[in-house]
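Pasting the structures in now, so scroll down.
The same chain A turns up in both complexes below, where it pairs with chain B and then with chain C.
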Partner chain A sequence: MLDPYYLQQLTIGLSLGMIYALMAIGFTLIFGVLNVVNFAHGEIYTIGAFAGLLMIATFGPPLLAVLLVVMAVGALAGFGLERLAFKPFRRFSDEASMKSRAMREATLMSSLAMSIVARESLELIFGSQFQSVDLSYLINKQIQLGPVTIVNGDLIIFAVALVMFLGLQWLLKYSTIGLSIRAVSNNPLGARYCGINTDRTIILTFVIGSVMGALAGILVGLYYGAIYPSMGFTPGIKAFVAMVMGGLSSIPGAVISAMILGITESMATSVVSSVWADMVAYAFLLITLVFFPQGLFGARRERV
Partner chain B sequence: MSNLLEVRNLSLKIGVQEILHDVSVSVPRGGIVAVLGANGVGKTSLMRCISGIYHATGGSILVDGEDITKLKSHEIAERGVLQAPEGRQIFSNMTVLENLVIGGGPLGKQELDHVLSLFPRLEERLKQQAGSMSGGEQQMLCIGRALMRKPKVLLLDEPSLGLAPKLVRFICDLVERIRSEGYSVLLVEQNVKAALRIAGRASVIEGGRIVIEGEADDLARDPRVTDAYLGGHVH
Partner chain C sequence: MTALLELDGLTRHFGGLTAVDEVTTHVGQGELVGLIGPNGAGKTTLFNLISGFTRPSSGAVRFKGEEITGLPPHQVAHRGMSRTFQNLRVFPNMTVFDNISVGALGALGVGAFQSVIGGRKRSHEISERSWEMLERVGLNEQANDLAANLSYGKRKYLEIARALAMEPDLLILDEPAAGMNHSETAELSQFITELNSEGLTIMLVEHDMSLVMGICERVVVLASGRKIADDTPVEVRQNQAVLDAYLGGDDE
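Right after this comes the complex of A and B.
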């Protein structure tokens, strides 16, 4: 019989992994299509959390309404981010320059710059401290399940992550938008010959990815009751690690890796102090890069 | 009758390089027109200008009387100009069916049966990853994908490149068949012999300029063409 303590740790690990997965899905989607790392994804997460916070503080609507507004703000933020940080570097839209190193490095810097601007602006407006959240909105009501205790937030995050993941898989496989996204990801030049509006497809990819990022932000903010301007940094790093472990552009790979990451971190806290738990992610990143440069799930470079 | 596709005095400069100079080509309704020439003379650049991948620096392109010179590639596709481009540019990690459905755009699956009747080989491979097919099958997919939108003008850029003689025949027969169904075709080829056999009119391009232009039958007997492209004799 498994010790209840480890069972509890496993549960915590699963919910942690789910949070990372929530973040990693949007991150990986954008990488898969454009082959660029969106460093501002963490700030989209923060913006989502703050948008929710403002909604709660000013109107106090039902949670579902908060989430819908957050998604709308995320969509807007994704659109703005694409126009400001990515579009200017897409002047040359042939395949060679879209996937060139210069393109990748330039957008790496521009998205990093956007993320710094967003974070610092939030600090100027709100200060760097934790914001107080109306306690009735927190999703941390305890539920006893046999020997383990979970909170209702675990269930909500699990449900949202599942819906997002399955929804996205469905979208990519069966909808016109999804097929266009995959086509642009696979062969941007071929997509133009087929009459696909590549510009619009790229914007949509950012919008979808950012909606997911913003939703993750508010959910995690309400889960921990901690909303502050630099809250996006750590999940951003973890999502990045999960993406690299999963093979860079495979969404299922990133989700599985995020779960592995969460469980390992939570298990590690029973061996080492919890401040060291973050080391797990970096160790995974290092091991993956050295021993599995193609990611943990085989050499196949299936994009999106 | 007016021409369906009309390229007028087109020129293209990329940097300081003049790729195309004063090129004029026109495709009549229901006709096959060939543009011939060796490697690197500007044939593919011409095709890219028509599809809006490159933007011409001079001249104009008209489809059904409408000026499409400044339009974006997806807007040009919406106006019924579809291309089976050089290098095929299929979506290699998607299935054959997905490739075709994307090609169909708003027409979706409506045209699928027609395309599959032209390419029975593709029907057997609908669920297969496009990139895992042979070169000839990929070429069929590339042409099929362009046909999914019922194009007014079909642009074919070197459809015979890298194919076995038997497949070259198949492609030639196919082009004649779709012409007989009412499509208009602009064909770019290095395989001059095959192209002259199916084309009505043809132009020869050299160094970015049209140097010879006329009926395909006349070109096939023109010593300038036979000497340079057909090894001095033609059957």
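Right after this comes the complex of A and C.
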């Protein structure tokens, strides 16, 4: 019989993993298509949280309406991000420059710059401290399930993560947008000659990934009751680690890795101080890079 | 015979080098035209200029009477021109069926946003078209295999099927026989002739002289970026300028 304490920790770990997964899905989608790391994904998450916060403070609509507005803001932010930080570096469309290191590193820097600008602007406007959120919106109502306690936010986050994950898999496999996204990720030049508008496909990928990022931001903000300008940093790192563990461009791999990461972290807190819990992610990153450079699940699977 | 594709003084400089120099020619509706020339003659650059990948320094490309000079490749493709590549550009991590579907999708020329709405009927059209092309090139048994797992020769046919799925008015084949053995080349040339006899206009770049001379009605010869001959295979074979270009010439 498992000790209820560990059962509780496992539950916490699962919901933590779910949060990381929520973040990692969008992150991995963008990497899979463009082969570039979008360092501003964490700030999209923060912007989503702040957009929700402003909605709640000014209009106080039902939660669902808040989420819809946040998604719209996320879409807009993703669009802007692509135009400002990525598009300018896609001037040359021949294969050599599309795959060049210079190209990848330039967008690495420009997305990092965008993330800093976004974070600092939010700090200038709102200050760096936690924002107060209307308590009735928090999704932390306790629910007793036998020996373990969960909150309604766990269920909401689980449901949203599941819908996103399955929805995205469906979109990529069966829809025409998914077909063009996969084509662009496989061979951008070939896709262009097949009549696919690669530019628009890339924008759409950013929009989809950013909608997911923004939604994750508001949900986690309401889950912890903690919305502040640098909130996107840690989950951003965790999503990155999950992506690397999952083999860089596999969304299912990233989701499973995010769950492993969440559970391990929460289990680790029963052994070491919670301050050290973040080390788990870095340890995983190191182990993956040294021993499993192809990701934990080995051979390359279909990209995206 | 009306001209489907017209090239008018097409020129492209790369720095001080003139890769394509004042090339003027045309491809008529239903023709099967070959483009040959020694290495570095500018064949690939000319193809890139026609299909929108490279912008010409001067000159014009007209397709179905409409000027398409400088249009991006996907828009050229929407107008009914599709091509294959010397170094294959199939989508390696997608299934054979999906590879062809991308061609069928691209041909519809729908924007990504339109494709979100009302995609059902369209998806149906795409998959029907794709199956048709799969059967056409005899890849239906491998429909669900990843393209990366196909043999080289089959990947070539996959690429042609993908181009055909776009329902082109003009099909441009860039060295389709490269890397093929004798019997494969023979099979391919029969397939190309068959497509042409169904009314498809085809332009073919090829190193394999026997293939070009054997099936093309007209051959355009490039050397150092210039058009040096534009005639039937029989005439081209006896053309002194062509012989010089291929044998190294005596002016160097």
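Things worth noting here:
Assume the second predicted complex is superposed on the first by the 303 of 304 C-alpha atoms of A that agree within 3 Å, B and C clash if a C-alpha of one lies under 4 Å from a C-alpha of the other, contacts with A are read in each partner's own complex, and residues count from 1 in each chain.
Throughout what follows, a residue touches a chain if its C-beta (ideal position, glycine included) is under 8 Å from a C-beta of that chain, and two chains touch if they have at least 3 such contacts.
Quick caveat: nothing in here was measured; it's all calculated off a predicted structure.
Bringing the complexes onto one copy of chain A puts chain B in a clash with chain C. Of the two partner chains, chain B and chain C are each touched by A:G190. In the superposed model, A:L179 makes contact with both chain B and chain C.
Of the two partner chains placed by superposition, only chain C is touched by A:L204; chain B is not.
Shared-chain residue A:F291: touches no atom of chain B or chain C.
Of the two partners chain B and chain C, more chain A residues are in touch with C.
In the superposition on chain A, the residues of chain A contacting both chain B and chain C are 94, 179-180, 182-183, 186-187, 189-198, 302-303.
Those residues of chain A whose C-beta lies close enough to touch chain C in the complex are 93-94, 174-177, 179-180, 182-183, 186-187, 189-198, 200-201, 203-204, 300, 302-303.
On the side of chain B, the complex with chain A involves touching residues 51-53, 72-74, 76-78, 82-83, 85, 88-94, 98, 101-103, 105, 145-146, 149.
Of all residues in chain C, those touching chain A in their complex are 51, 53, 72-74, 77-78, 82-83, 85, 89-94, 98, 101-103, 105-113, 115-116, 119, 122-123, 126, 146, 162, 166. Taken in their complex, chain A has these residues touching chain B: 94, 179-180, 182-183, 186-187, 189-198, 302-303.
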